[in-house]
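So that you can tell them apart, the chains are marked A, B, C, D and E in the order they are listed, and the count of residues begins at 1 in each.
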């Protein structure tokens, strides 16, 4: 309800930064942060793009965002457990070094 | 602008000035410990003043109670955090944070 | 009666998974089988209802679609539900050998297996765009959990890559949902379709959602994660990944293009999607031929066969639609059988490297037969389900004079023959004399293990799909999507 | 004036995202990510949704930040190596893709915002249907009554994430290492105040959830934050085995929600129909317990929890 | 009053930005951890002001949440930094509770 354009542009910039970091970062932890940050940006677009209903912002997308936040943390939590195990087993924290896979 | 709103405005402005003092201290002081001192002391008094200003504005006792709880908890948290961080800053032989030097991309 | 069947499809495996996570190890088996075995039985009343009325609808929690979530079962959903039930039960029976419900790892395996089955049923029933996002996430998490259950380094790395790409795909899908809700004001897939017109925003939302789903369904050129994931997964997991998990995203792409965007389909995009499919067929087949390991060959074969599902878009019409749906069914059965057979070979021979499998057919006669029969269906030779779908697709291409698509389908068949006969030749070749000499007697055939029988049954199912396609095709004819050109 | 506030918070978001994701050490990135989450909570507060502000702060910044930090600490404790930075060519390509996607999303967003219709039909239907349910908070109404299948599957997603993490962990390990406990005397005092307060705030959020902003998710996250505090202060320890009570807590949300839904179906009501506000509270309590237990176990990286430290 | 409240919020936001600059550039580890303290007070004040200005009492509960989170985050920082030194000693399997 307040200056939707400001939020949308900020969300777009955050999404761009997230995608840039996802491609450039070689440390998986940084890539997971990038995905969480991009998710927050998309939630912002979801709420703002839905538009106000008689003044207040529409309640339904807010419930969707709440569901989205919990799903985001479930995915990130599992990804972190996977990352720690990957680092423990192969000693690498990046998807790049394929050296030690048993081909 | 009756008397109450005047008082509230005064408290809010005073609170803001304490926050300003805290931030100036944070930026200008030479080392971590003195910055810690600035931040915890000034900001907490600032928060107290702002909370009391808002309490006066809100006018309901229940809101004032909530504000008081928030402030008390903020003070407790600030003291313990400052104690721990100061302990860490003193004991820590390496001024850098782990991972500082490796600048992982 | 229908509401109970629908509820059972989703909640029976879900509650069984919760029970498996709680009860002590020895009682896990009871809940596993009580969660899996009734699934086909629950589908019977549903099949009869869809056969009679063509469409079954249920407003979950009693609220109609703009506010609440709606379940809808039409012919396509029913076919994929049947495939999911069959795969869950048969591959489940196979998996009980490697992961017995009472074992330490068994508890976690079966909890994830039941969650995966329940999530896929919930996805196939749902008609709500955001609910599809939630079920898609549950499918992805459960599938990747199963992928890493053995903890092999290669599987861990493949799972990490798969998870990152799947999360990125979900973000694009969610952005599309945000746009559609902003424009249409409703999240129901069919209602939103009616409210949106051929404007810039709906098409952008459709493209974004399709890009996200293309990543999840590993369609060429976004297929990078699939071979490593399916190739390094444990036997039964690679079967369910190839037969179902990847297909579910393609099913969603169909839903979006043929139901949501029925009357405002961007016509320029249809041949593009077809080209992606053609690229997948050619690239996947060539790579499958070059593989050294049997499982990687079968994984690249999945990449290729997924291309056929994308050929639906350039060949849009009743023929093309029935062909693609039937291909989804028959490929699911055949590929699951193939992966189970390969898993048996890997277990007994200790390796799946083709240069070390000479003479494996004597030790594993049943699995070689299963591999051959499943290959028949993947290849599309006459008696199999694969033949029916390829034949219908050829007719569809012929009807619209699509020479390019005709050539791609035929080339796909030939290349499939190449990469399937090569392992069979190796398996049935006479082992090098040295190997036969050192253990004296010719290698004795391993006992007739029931897990081999399960794989054979799936392969026979793929063949049976070829012998009696009439009922399924008639069912599909009645449930034609509005997006099909008359 | 309100534009100035929004502009400041929006630019704060962009700057913090840049600081969290580009350059600098990883630990600083995590710290900046937590600050980004809290600023995002401010943005939700400005957009008039306190529910999301609390959820983003408690789950987005708090629990996610704790998980990231513990993962970072474990990677260092395992001595995992630091990957080589990417080639400059890839950096340029990534920059191009990032800029392009930012411009595209901006254009799409602005077009979407510009072309806003009279407001979502679903939103209006929600406004009309809400009073009948006796709930004041539309978000809890949507989550527990109107679109409750989403919420049920979402709690199942959390359960799947936990079981998958245990599957990844493998059963040969007792638990992942945890940083040494901070039980300085002052920390004991803070824990003695914060832990019960966390439970109190969680119960308040649960109760208030039906009329005012709040609900099971925020309450569950606050419980989890309390659990994390107890672990860091050395009061709660990872245990190799998951006690039956904890297992029941893990699946409570899914089982109670499905149970109520199926019982209603058996009584002839539509599937997942919620009979009354008592059922809403029952389901929300079960979900709060599940969410709290799952998030703490994900932080601990172990099968179970125990009060007595292992010798 | 409807002008002063947003003005104070803007002022505090500027303070926050200045504080965050120190946290970002601050050389020593303690400076990094100040961010938790900063957020314990400045952001809480902003939320309380917004609660009064936008007349939404739930933001006060959010402020209470922020204070609790700030306290937990600062303890986590100290634990992670101190624990960070664990890499030099062998990673103890059982966490190092003082016996």
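To be clear about the criterion, contacts are C-beta pairs under 8 Å (C-beta built on N, C-alpha and C of every residue); 3 or more make two chains touch, one makes a residue touch a chain.
Computed from a prediction, not measured in an experiment: that's the story for all the values here.
Think of each touching pair as a link: the shortest run of links from chain C to chain D has 1 of them.
Farthest chain from chain D, judged by C-alpha centroids: C. Each chain gets a centre from the mean of its Cα atoms; the one farthest from the centre of chain E is C. Top contact pair of chains, counted by C-beta pairs, is A-D. Distance from the chain B centre to the chain E centre is 10 Å, each centre being the mean of its Cα atoms. In whole angstrom, the spacing between the mean C-alpha positions of chain B and chain C is 57.
With each centre defined as the average position of its C-alpha atoms, the distance from chain A to chain E rounds to 22 Å. With centres defined as mean CA coordinates, chain C is found 27 Å away from chain A. Residues of chain A found to touch two or more other chains are 24-27, 30, 32, 45, 49-51, 60-61, 64, 67, 71, 74-75, 78, 82-83, 85. In chain C, 67, 130, 134, 137, 141, 144-145, 148, 151, 156, 175, 178-179, 181-182, 187 are the positions where the chain touches two or more neighbouring chains simultaneously. Looking at chain E, one finds that residues 32, 57, 61, 64, 68, 71, 75, 77-78, 82, 84, 87 touch two or more other chains.
Those residues of chain E that touch chain D in the shared complex are 3, 6-7, 9-10, 13-14, 16-17, 20, 23-24, 32, 35, 39, 43, 46-47, 50, 54, 56-59, 61-62, 64-66, 68-69, 71-73, 75-80, 82-84, 86-87, 91-98.
By the touch criterion stated above, chain A contacts chain D in their complex at residues 1-21, 23-27, 29-30, 32-34, 36-37, 40-41, 44-45, 47-54, 56-67, 69-78, 80-85, 87-88, 91-94, 96-97. Within the complex formed with chain A, the chain D residues making contact are 2-3, 6-7, 10-11, 13-14, 17-18, 20-22, 26, 29-30, 33, 36-37, 40, 43, 46-49, 51-52, 55-56, 59-60, 63-64, 67-68, 71-72, 74-75, 78-86, 90-91, 93-95, 97-106, 109-110, 112-113, 116-117, 119-120, 122-124, 126-127, 138-139, 141-143, 147, 150-151, 154, 157-158, 160-162, 164-165, 168-170, 176, 215, 217, 291, 295, 298, 301. By the touch criterion stated above, chain B contacts chain E in their complex at residues 1, 5, 8-9, 12-13, 15-16, 19-20, 22-23, 26-27, 31-33, 35-36, 39-40, 43-44, 46-47, 50-51, 54, 57-58, 63, 66-67, 69-70, 73-74, 76-78, 80-82, 84-89, 92, 94-100.
Here chain E touches chain B in the complex through residues 1, 4-5, 8, 11-12, 15, 18-19, 21-22, 26-34, 36-38, 40-42, 44-45, 48-49, 51-52, 57, 60-61, 63-64, 67-68, 70-71, 74-75, 77-78, 81-82, 84-85, 87, going by the rule given at the top.
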